[in-house]
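Each chain gets a letter, A, B, C and D, in the order it is written, and its residues are counted from 1.
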Amino acid sequence: MYSEKVMDHFQHPRNVGEIENASGVGTVGNAKCGDIMRMYLDIDDNGVIQDCKFKTFGCGAAVATSSMATELVKGKTIQQALEVTNKAVMEALDGLPPVKVHCSLLAEEAIHAALWDYAEKHGIKIEGLKKPKSDIHEGEEEEGEDY
Amino acid sequence: MYSEKVMDHFQHPRNVGEIENASGVGTVGNAKCGDIMRMYLDIDDNGVIQDCKFKTFGCGAAVATSSMATELVKGKTIQQALEVTNKAVMEALDGLPPVKVHCSLLAEEAIHAALWDYAEKHGIKIEGLKKPKSDIHEGEEEEGEDY
Amino acid sequence: MKKLIYLDNAATTKTAPEVVEAMLPYFTEHYGNPSTVYSLGGESKKAITEARETIANALGAQTEEIYFTAGGSESDNWALKATAEAYKSKGNHIITTKIEHHAILHTCEWLEKHGYEITYLPVDENGVVKIDELKKAIRPETILISVMFANNEIGTIQPIKEIGEIAHEHGILFHTDAVQAFGQVPINVDEYHIDMLSASGHKLNGPKGIGFLYIRKGVKIRSFIHGGAQERKRRAGTENVPGIVGLGKATERAMATMKERTDKEIELRDYLIDRVLKEIPYTRLNGHRTTRLPNNANFSFQFIEGESLLIMLDMEGICGSSGSACTSGSLDPSHVLMAIGLPHEIAHGSLRLTLNEEITKEDLDFVVENLKRIIDRLRSMSPLYED
Amino acid sequence: MKKLIYLDNAATTKTAPEVVEAMLPYFTEHYGNPSTVYSLGGESKKAITEARETIANALGAQTEEIYFTAGGSESDNWALKATAEAYKSKGNHIITTKIEHHAILHTCEWLEKHGYEITYLPVDENGVVKIDELKKAIRPETILISVMFANNEIGTIQPIKEIGEIAHEHGILFHTDAVQAFGQVPINVDEYHIDMLSASGHKLNGPKGIGFLYIRKGVKIRSFIHGGAQERKRRAGTENVPGIVGLGKATERAMATMKERTDKEIELRDYLIDRVLKEIPYTRLNGHRTTRLPNNANFSFQFIEGESLLIMLDMEGICGSSGSACTSGSLDPSHVLMAIGLPHEIAHGSLRLTLNEEITKEDLDFVVENLKRIIDRLRSMSPLYED
């Protein structure tokens, strides 16, 4: 059911782990399925993301999107990181099955939460960043055909 | 679906045909399925059935029961012939499938109709013989499970 | 053993050997439940997707518009009951015909007991639905028109495109029972304005116990069989993977050979019809002379009864069927033959012969010779026949 | 290729080769429609009768009390909806449990929308229905009690006899979904006071897409699928002859080997349970320790998520299943694991392993070793696990 890229990132997830004294840490939970993701960012003084690590309690898609998201934000500026949406992550993974689209939101929201934490700690405001919800509620529904 | 005896009487029906100047002729129709049977009796002065022939427009079971019925009444007295019920005919044929039970009523009623005709022609009354209906309506229903 | 001449292909067909071949691996090798995560289930899932695509292509439909069922009867029940339920707020009136299969008619009777009104359209003497009657029957509260594509007894093909257009002009959903037509005649759901279509595997050399319902995107019907999330949550039950694969293969086969096969069948069918009508007196053809299924011939022989005829044909290795009451559990004579205006005793003596691609001219010659002999014999036993 | 260790036999089973063997002639040789008059149809009819007898014997039922369907889901839908319809004048209340299969639960939800009231009984921490709650739930208008024989996820076997007795004391019909139990544990419909029972072929090494509903003589339910006069006019649709033959053969096989097979399975199951509980920390067994299906083991591993676990097991050739939300289309975590009181995140990390007769101790050793490794790895990735 998963693409080869998803399976690759699931089997060999990049950047699993924690960053001690991280610049920002964000934890989000997915109300739809109960999964949880924590993202650690190490941001240098120029606002460039030097390192990024994650821990995920979730399905194969959650693990793979976490892994891909960390790869995508590494080396990026904060503003560039905000453009790493769930769509971008999914594209980088050659897509996800429809029921798994919501999983990719975890990664996007976790990045945002970590950035928010960073901003709060440093007393700055990041343009275009909203306070993350602790739970993600949206996500595409299948067309109105479910039982 | 039919017993060997039924198939035998269907393939080689006994006493098919007509009797000219028969002592009694009876024709009955089956309201349930629209089938028709005509029975010819040749009865001698002692009230013994010397010959019996039939014509049938009907299913395999109708043909076989006609054939068996003629065999059973041949050589019998009128009173004995009255005992050739549809049950007796069915037994002699090693049974019929449930949906085909009504077919055997055709034979019984055809005998009765022919005897009635004989009685009317000779101005006699046969003990225990009721005026035959032109249509047979009864017949076992399958237990209350039909659609 | 005597050669079998199987002329009851409208009742069911032999499963094609290559269909069985295609199914086999899904019993003992790729037996995984397609709803599972592991790769064994993935094999099943892929096979189902392929079958769905094949079928969608055959109808000019989209893949996700095909829903697998256990056969034609379930598809018919589902289409009617679920439409009735889903569109109740719009209306309670359904239009169908007097000559539908019992899977439609008995479902309609059930709906009548549950507050719906059904109009049963009459047909002409050839079994063609009367279009003017259809137009007259339409009401504001009509939610569904269900007309079979081709009749299972007399083979008449209905003016489906015209009916579909009328339905859509009035904003009414259109369902067709294509159990007899699918794989035999070209069908395009868009061109014919079909919203739902029923089909059954075993009528086209596929397996028994599998069928499908085509449901156009946007039609709001829900489940008939509730439970697991299979078939996009519209039809519960662990997928019958071998059955689905078999139906896919049978469809592929039927579509690939359709032109050639039915051309040959039409030629032989017409040969049979011509000989029977010419050589057996007091005989009529039932159904439309030309607008009929390629493999269907249906005759009424006066003065004789169908079951007796069938048994005698069987003794010669010939399998046919009859609209005679005596052959069915129900004891009612065929409602289709009644609807085209046959009197009871003529309906009684009817014989349906439905060909397949293996039937030859020699087979049919053998059939005709036997028919002549058997009909003579039965007529000589009949109290209705005075020659 | 890696050896496949198939431990998802509760989802579906491999069709036994001798079952496929038994089915084969009915595709291409005895393919006649059993409702026909000629001898070719007679072969099919005989085969169906034999299968029906085999199944009836397995249940201590009468032959004519077995009705073939397309599977467990259809049987469940039929039993509930048709009972509700037939006994409407008596009442509108049905009692079932919180841990039924969706084929029961979603049907109940449908019934709720159609004027019926449903009581969903709770279960204890082992998944056993609370008998005192059952007694309290009974009302004068209760028409049906439906309790599954054994649960498909956690394997717990219910006190069916006791429930049947209570139902019959109160003059209430009793249906049991025995899809998981039939062929695995002895069942006698008279002893257990069962009025209706659902089963599905593919759960006992029979084919997919075939099942049956046992209906005790005298129960007044009618058709769910309307149409032709098949199955004593109670279930329309051309009979799936190969499927029925396969189900008959599978039943014969399951009954003949039951004692020996399940003794062995119980031994291996307990070996697996003991090792896992002893060797993997933060692990619990779900379902009753002993009163459970012979082949069912169900664990919850804290801090990890089921789908990831399944995919990693699959890479080692091990097929299992999970009550995790992430593996299902619905995204709801297993209602069964919720009903026995597991918190959401623990239900998430559950794994069901269901054995078959081919599984060996060596297979299970391989499974346990891999489980340990994979669970370690997933825990190290988990934000919930702080070691």
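In this section, a contact is a pair of C-beta atoms (placed from the backbone, for glycine too) under 8 Å apart; a residue touches a chain by one contact, two chains touch by 3 or more.
What you see is a predicted model, and the numbers here were worked out from it, not measured in a lab.
Q: Could you quickly compare B-D and A-D and let me know which has more C-beta contacts?
A: Spelling it out, more C-beta pairs touch across A-D than across the other pair.
Q: Return the distance between the CA-based centres of subunit C and subunit D, expressed in whole Å.
A: Here the centre of subunit D sits 34 Å away from the centre of subunit C.
Q: Please work out the Cα centroid separation of subunit A and subunit C, and write it as a whole number of Å.
A: Taking the average C-alpha coordinate of subunit A and of subunit C, the gap between them is 54 Å.
Q: Report the inter-centroid distance (CA atoms only) between subunit A and subunit D in whole Å.
A: 39
Q: Among the residues of subunit C, which are close enough to touch at least two other chains?
A: 37, 106, 223, 226, 229, 233, 307, 311, 327, 329-330
Q: What parts of subunit A, by residue number, touch at least two of the other chains?
A: If we look for residues of subunit A contacting two or more partner chains, we find 146-147.
Q: Chain adjacency by touch: line, ring, star, complete or other shape?
A: Shape of the chain contacts: other, as it matches none of the listed patterns.
Q: Could you run through all the chain pairs that touch each other?
A: A-C, A-D, B-C, B-D, C-D
Q: Which subunit D residues qualify as touching subunit C in the complex?
A: Touch residues, subunit D against subunit C: 4, 6, 8, 11-17, 19-20, 24, 27-28, 31-33, 35-41, 69-74, 76-77, 101-104, 106-107, 109-110, 200, 202, 207-210, 223-229, 233, 236-243, 307, 310-311, 313-314, 319-322, 327-330.
Q: Which stretch or stretches of subunit A touch subunit D in the complex?
A: Per the stated touch rule, the residues are 7, 10-11, 13, 16, 27, 32-38, 55-63, 99, 102-103, 146-147.
Q: Looking at the complex, which residues from subunit C come into contact with subunit A?
A: 37, 42, 45, 220, 222-223, 226, 229, 232-234
Q: Please name which positions on subunit D make contact with subunit A in the complex.
A: Those in contact with subunit A are residues 106, 303-305, 307-308, 311, 315, 324-327, 329-331, 333, 344-345, 348, 380-384.
Q: Given the complex with subunit D, which residues does subunit B contribute to the contact?
A: It comes out as residues 1, 142, 144-147.
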